[in-house]
């Protein structure tokens, strides 16, 4: 490969990453879109204050999803930093991941709306299961990128590749465990998500 | 043309492409916006699970449109890689294409909502017909760009131009056939879309 | 001014333009967001086809606004190409313009929803009046930029400045005339918009 | 630190800023999304005109929030101009700030919908309180960045750091005062916001 086409391919990778960034960015902002109070006849200062306080499940779901998508964005970025050029397989896996990310508002709304209802367990299983899918898509993307050494940047070493693979596997396993826990105790599952974030952030 | 104004014009082309990318990116993310479950009185874990499963037509429409817009984005990009400078005609054709892309959520919703109703055939004809329009806009854009050799990048060869023209024609013909098939058998039409994607991806 | 701070200021201008581009891009894509068919009991292929055809006023409003925002984007860009550095006044005028652009979906929906009702005239006056406001914001922005020669790029000549001023004035006058016409004949006003576009594009 | 990794880290900072810009841009454009008139039977030109005029509280809330988010964007930018590299703490604080910015449409809608109801005071307290939270997030972000001198750009002087800290504190204090005033007189609180903007803009 000559240098000029190498630069061309790197440009392509940057372009795909920019597009992906855009989707992460819009998905995370759209999470807020349906959060609102409905006007009812004769609402007073007290009744609005109470109505606002009663919005906490929706707001909690918003906060959880915002953090999840932000962490996914950071993960996506640190994965793409390791990629030099892309092929069709990488493109498709990335497309699958983006398709899932763009739909995060759906499980988020479901979680928020059913948090205090009799359908709470199903809502949490659906939500945590959705992030198992996202982990799988990440794992697939990394599989697509890491099986061909020529797709990765030159500076990367074999141990670094292995460490990243381990990391992606760990994410998948953690999310799967959280989903399984949700079948028994939804609140424990949500608490475990929280613990996992602390871990990711501490690992940085 | 001197070099400085050449660079200026290339910058303009990049700017138009960035704007177009933004529209593709937002259109694809907005597809998800209305997907959600409504809360009803006394919903249980079972009834929510069933309600979620019953969302499959909407989710199928989402997946189909996501893939279609992503492929259109890739197609748009590979077309713009061949363009060096733009004129009014290219700008207008590109505007028409973007106008159609930004409205993809409309046929998508129609497809998803009416997939299991007595209006299924009309929904599929509308959906597939919409992508015939998008193919036409692509064809128009390429016509606008390729009729003036000075608009294209210098490196491109005559056979490459012809190959791309053939490619755009093929896309238009395929989409037209799919729409015609939809009049007789909507499911066959959707299946053919699927086959066409495999082909596009394999061609890469 | 030394070169380094000059480059710094140019970077700022680019940043503001990128932000503005983003708002144009999102505003134009959001126009489509509420366009959709509602599911009713027992809809057939025929009734859906009729329902789709009955959407033409909304689609017409969509097309008109898409073109208007796209032309505004082109106008915004050709204005910013003349600006080298910005001050508070330019920032504020630009903010006012963006505030109006981001709200274009509101008059668009109003136009589309009331096109076939007894409130048609008010809808068209509101819509065309809204674009008078946008013209005014453009005029203000250009006033803010052109009164201080040091804000403009060095290459620009006095006749070019005057020509652009004339152009902005012309836009304001045309839009005002269209709004006045709307009081007497709404359809004539919409037709005049169309003529004006042809003119802008031909002038390009 | 060698130069190459320094450039790498600067790139990271630019990337985070671009992502943040995207969220500001989308949040500000989404403010307009639910503004619209509902069609009712037998609406006339007069009744539509009256309905449009009655939208002023929503439009006022829109204008206030648009200005607030735009000023926050400018503030965010002038803060990031002082940052050279980021660490986890800066990333998290920035994430908290973005989470709040993306949710601005919620207090905005609340303000607009309840401006003329008996729940006006609660709506204004909620709105102004929300911007106290945003000021706190800004303060936290600046705390995260300014406690480690190595995170800031080299050119910045100690007095400049102190001046910026004072500025951030001032913003927090002003917003807190406005919120406290809202408990006694909501309209005075909104008027004070207006005075504060003039001040920020004049300080530029």
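In order of appearance the chains are A, B, C and D, and numbering begins at 1 in each one.
We take it that a contact is a pair of C-beta atoms (placed from the backbone, for glycine too) under 8 Å apart; a residue touches a chain by one contact, two chains touch by 3 or more.
Note that this is a predicted model, so its numbers are computed, not measured.
Seen from the Cα centre of chain B, the chain whose own Cα centre is farthest off is D. Although chain A and chain B carry the same sequence, what matters here is overlap: shared residue numbers make up under half of all numbers found at their interface. With centres taken as mean Cα positions, chain C sits 36 Å from chain A. Each chain gets one centre point, the mean of its Cα atoms, and the points for chain A and chain D are 25 Å apart. Each of residues 22, 26, 30, 33 in chain D touches at least two other chains. Contacts between chains, counted with the stated touch criterion, involve the pairs A-B, A-D, B-C, C-D. Residues 21-22, 24-26, 28-33, 35-37, 39, 42-49, 52, 62-63, 66-67, 70, 73-74, 77, 201-202, 204 of chain A are the ones that touch chain D when the two sit in their complex. Here chain B touches chain C in the complex through residues 15, 18-19, 22-23, 26-27, 30, 33-34, 88, 91-92, 95, 98-99, 102-103, 105-106, 109-110, 113-114, 117-123, 126, going by the rule given at the top.
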